[in-house]
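As structure tokens, here come the structures.
Each of the two complexes below includes chain A, the first together with chain B, the second together with chain C.
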Partner chain A sequence: MSRNGPLALAFHTLFVTFILAPILVVCVVAFTPEGYLSVPTDRVSLRWFRAIADYPEFIDAFWNSVWLAAASSAIAVGFSVPAALAIARYDFTGREALTALFLSPLMVPHVVLGIAFLRFFTQIGLGGTFVGLVLSHIVIVFPFALRLVLSSAVGMDRAIEHAAISLGASDFAVFRRVTLPLILPGLASGWALAFIQSFDEVTMTVFIAAPGTVTLPVRMFLYIQDNIDPLVTSVSACVIAITVVFLVVLDRIYGLERLLVGRGSGDGA
Partner chain B sequence: MSFLVLEGLTKRFGDQAAVDSLDLVVEQGEFVSLLGPSGCGKTTTLQMIAGFVEPTSGSILLDGRDLLAIKPSQRGLGIVFQSYALFPHMTAAENVAFGLEMQGVPRAERSQRVSETLALVGLAALADRYPRRMSGGQQQRVALARALVIRPRILLLDEPLSNLDAKLREEMQIELRQIQRTVGTTTILVTHDQAEAMALSDRIVVMNKGRVEQIGRPHEAYEKPASAFVAGFLGKTNVLPAAVEQRNGAAVASIGDGSWPLPAEASGRVTVSVRPEKIAFIDQADCSLAGTVRTRIFQGNHWLYQIDTACGLVTVIRQNAGEMMPAEGAAVRLTWRPQDMTVSPAGQDGRI
Partner chain C sequence: MTAVAVSRGWTPWLLAGPALLLFVGIVLVPLAMTVLLSFHDWGQYKGIEPVLILKNWREIIDDSYFHEMFARTLRISVLVTLIAALLGAPEAYILNRMKNPWKGIFLLVILGPLLISVVARTLGWALLFGGETGVVNKALLELGVIEAPLPFMFTETGIVVALSHVLMPFMVLSVWAALQRLDPQVENAATALGASHFTVLRRIVLPQVMPGVLSGGIIVFALAASAFATPAIIGGRRLKVAATLAYDEFLNTLNWPLGAAVAVLLLVALIVIIVGCNRLVERRYAQVFQ
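Right, the complex of A and B next:
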């Protein structure tokens, strides 16, 4: 379909290799029989996968991360719907400023956010709680959710809503029957992106997580400070496997391209 | 009592008037077209009736009731948008059923009316298809069915055919008119296509820069345009400069080397517009203008001439009656009846 010159092809190959190589290496190293980080040469072993079972805190941390990411991105998407609709539709004073404010967490270094939240949560009695973690993650994933919801809200033809109104639909009926279904792809991709951002976050979380609320990346970060062994690679390999399975399932039931590119089911063929 | 009355309807965006004190009375069952060039305020007028644009001033009465006091969702109007604005996540049947659902029509009656209306627009076979898998013409029909099924008090159509190719557009014009006759719904059509307006409407409202230039039956507006603008917009016309003087108590217009008695009141410098098909070739006469044939094009049932005259290039259309016609380069004299002239103040050349 696409005609790439040999140069472009080489570039793309290099680029993809560069991105995929670390992931591949991690997965390979996870099968090492040795007690140190090495690429298995003569034989492979599941030793380090079995070792995960001896460290239940990794499993707990995994579930912490999943719930945290799911909750914070769901709430962020929930907030971004009215925000995106307002920004997309109305030309009010302070619209630019509001958009900038909503996107500003992208600009603040996570270290700074981490220290600020640590101080703030301790002050209001949320220090080390799961609620505190969720709140802080909402702040950092909100820009991602908003961006994607906004792009689907901006792309929507106002006349479609006008059509619904002219047919007698109340404001609520218009939203539920027309607006929401039309921006749903944006919501879904916004949620997925926010989920990944939250799941991945370590710089800020390391400041605010308490022993009971440690997330997976933070747990791994803490672990490798004391031990250099292939356990982190087998944990990573598991996360990668889960992600791949998740994406395949999502692709089967929804169509991955549609999700990531954010094209509505309603777009003209 | 009149059905729909627009009175002094005005909409300003900033200090620019998109629609300027528009007065219009529409009778029940009538098909009225708003016709005018791009940006003349047609859509704005329609949107004010629909309730999506709030008028700066003026009033709209429907059946004697103040329409502006009613919410857009309660006005009971059927609208077909230029982009069709179908619900992309619903099938054709679901699209059409939406309005009935909102009205709380019971399920059995709903599906009955949906299939009736889909059959009316010739789409019975495509009820379960999604809009993205339909052609432009089919989507257009779904939009029409969706607007008609709620038995609207008025049907508002905003350039519904402009996205279709020429052949399909002609078919849909005929169909639209038939459907409107069958259902009898009062209809207001917005279009910039003069042929479409003339073919479909009982009356045409010709608009220019937010103002009404003329309201009249298609034939009347074509034959007796109220201004050079209308003459130029409805069909082709020749615009000629003329000087009016009084001779023996009657107004006479001098055009080039000819002079015509004027049917209307006028004085000084004016412009006169004459339709190409009203101009004939003649050997010698008082009311005639000298020229030479620059080009002659044969178009089957008629000849299309461009004639060089003292007043500039004049277009002439003559029926092909099988006679000999002047050849290119021939010297000719052009004539037309005084009543075929539309006179307007100088400077207002109906060109757009």
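Right, the complex of A and C next:
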């Protein structure tokens, strides 16, 4: 740390405090023994964590979110593999436009997508259904899956594939035995990043979730709109804990910097 | 791209076909339907009438309520972008000068919140400053520093601060990426030639990371202008921004065509601003590397 002067370190300390304070306060207040919002001073209590069990709406919403995120991320990765191979390996008219279209959910505000999906699903009879939620989440997590699959497809050594072909492997065998194992790390991290994005999504989902298909962030949001109490704080603390575990695992396996900054030419578009 | 083969006719389109069909069916068609919806008529009792009129658009253009709301959205987004640039860019620079393992740890600490639910992060701000029960307000009141709790909830200041926190990692990320392309030897050369630290920062580092700051600024601005959960929680039911207003029209008033018009206007305004800024960045970028 020697290259930074005292002023820089003071700034850094304030900055990290600014970033962490709101997150830590949620985790601290969640342990309050009182019936109202307060920082536990003399003792900590798990009463508000136990209280979550009495509110099935949070439990149901949690499982909705998990299934939704798992399904939509898996399907998005499935769609993104051939698309990434097409973009990484072929030079064709419309490639740029196609890439821009696939990455567009990053740029179109989620509130606009939420409105568009609400109108669309209501018209075609999928309003408020789980199928509708999955379809919409596939679209919003697709750019994340595509970017990571793309960067592993671009970075791959084609010579191994050519060797397999010259040894007489069929197209399908080359894909299953050579290409797929080589891009598997990109696939897995793409799925994981897509999972988190879907699990956290609230702005778009709030428009299209019906009472039976509400996700956890939407349930928390609607709850907070009415009142803020220690219960929603303990639920939030659980969500933060789950995310942090996920984050550390992802950082160990793939590297957070690589995941977010990206390598290869798939990003920046 | 490194290993790009010459087009073999329909192969790439067959490969990208499933995803393309998905996007046409579930993105382009719904967006087109929303644009169409913004021209439909609506009445309390008759519901949505599929005609093409300019009623909603005229209402947005004429009514000062909408002007005020869009001005507020713009004001908040500009302030959030400025705060993110002024704090995030120096922090990325400091971070980049750290040694491992601190570098890795603090990068995780600063970028990690990006993946934590926006609702949970905004709740944190409500717990810190929300009325007399807010942790910071309570402490300051007990210490006698302030006499009344600092106004935070239901204020624009509150929305700006909380949104800056939520979107800060995007700016750090963008400047960080620009710093990785910077050759540390150039800095060393300038220092060896007698430039002061300040001169190195101003003449060497800043021009080279400026594209990163600008592209980070575009991302932060776009996300701030369309932010929903944070302004809804901090701003409450009265202090509306574009996204929360559209939500209200859709789920409370049920005037879908008017809500669609607000959303389409937000989308168009954002596209115009983003494309315009991108042009500027590209021009600047070209100058930097001439």
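One rule holds in what follows: the second predicted complex is superposed on the first by the 218 of 269 C-alpha atoms of A that agree within 3 Å, B and C clash if a C-alpha of one lies under 4 Å from a C-alpha of the other, contacts with A are read in each partner's own complex, and residues count from 1 in each chain.
Methods note: a contact is a pair of C-beta atoms (placed from the backbone, for glycine too) under 8 Å apart; a residue touches a chain by one contact, two chains touch by 3 or more.
A quick note: this is a predicted structure, and the numbers were derived from the prediction, not measured.
Undergrad: Return first, second, both or neither, reflecting whether A:181 touches chain B, chain C, both chains, or no partner chain.
TA: A:181 contacts chain B only, not chain C.
Undergrad: For A:166, select first, second, both or neither according to whether it touches chain B, chain C, the two together, or no partner.
TA: A:166: touches chain B, not chain C.
Undergrad: Does chain B (first) or chain C (second) touch A:118, or do both, or does neither?
TA: Only chain C is touched by A:118; chain B is not.
Undergrad: Which partner chains sit in contact with A:196 here, chain B, chain C, both or neither? Use first/second/both/neither.
TA: In the superposition, A:196 contacts chain C only.
Undergrad: So which one touches more of the residues on chain A, chain B or chain C?
TA: The partner that reaches more residues of chain A in the superposed model: C.
Undergrad: Could you say whether A:95 touches chain B, chain C, both of them, or neither, answering first, second, both or neither?
TA: In the superposition, A:95 contacts chain C only.
Undergrad: For A:86, select first, second, both or neither according to whether it touches chain B, chain C, the two together, or no partner.
TA: Touch partner of A:86: chain C, not chain B.
Undergrad: Which chain A residues lie in the overlap of the chain B contact set and the chain C contact set?
TA: Touching chain B and chain C on chain A: residues 265.
Undergrad: Under the stated contact criterion, what part of chain A meets chain B in this complex?
TA: 157, 159-160, 162-170, 173, 177-178, 181-182, 264-269
Undergrad: Given the complex with chain C, which residues does chain A contribute to the contact?
TA: Residues 1-4, 8-9, 11-12, 15-16, 18-26, 29, 36-39, 79-80, 82-83, 85-93, 95, 98, 101-102, 104-105, 107-113, 115-120, 123, 135-136, 138-139, 142, 154, 158, 196, 199-200, 202-203, 206-207, 217, 220-221, 224-225, 228, 232-233, 236, 239-240, 243-244, 246-248, 251, 256-257, 260-261, 265.
Undergrad: Going by the contact rule at the top, pick out the chain B residues touching chain A in the complex.
TA: So the residues of chain B in touch with chain A come to 50, 52, 72-79, 81-83, 85-89, 98-99, 102-103, 131-133, 146-147, 150.
Undergrad: In their complex, what parts of chain C are in touch with chain A?
TA: Where chain C meets chain A, its residues are 1-8, 11-13, 15-20, 22-23, 26-27, 29-31, 33-34, 37, 87, 90-91, 94-95, 97-99, 102, 106-128, 130, 133, 135, 162, 165, 168, 173, 176-177, 180, 222, 225-229, 232-233, 242-243, 246-247, 250-251, 256, 259-260, 263-264, 266-267, 270, 274.
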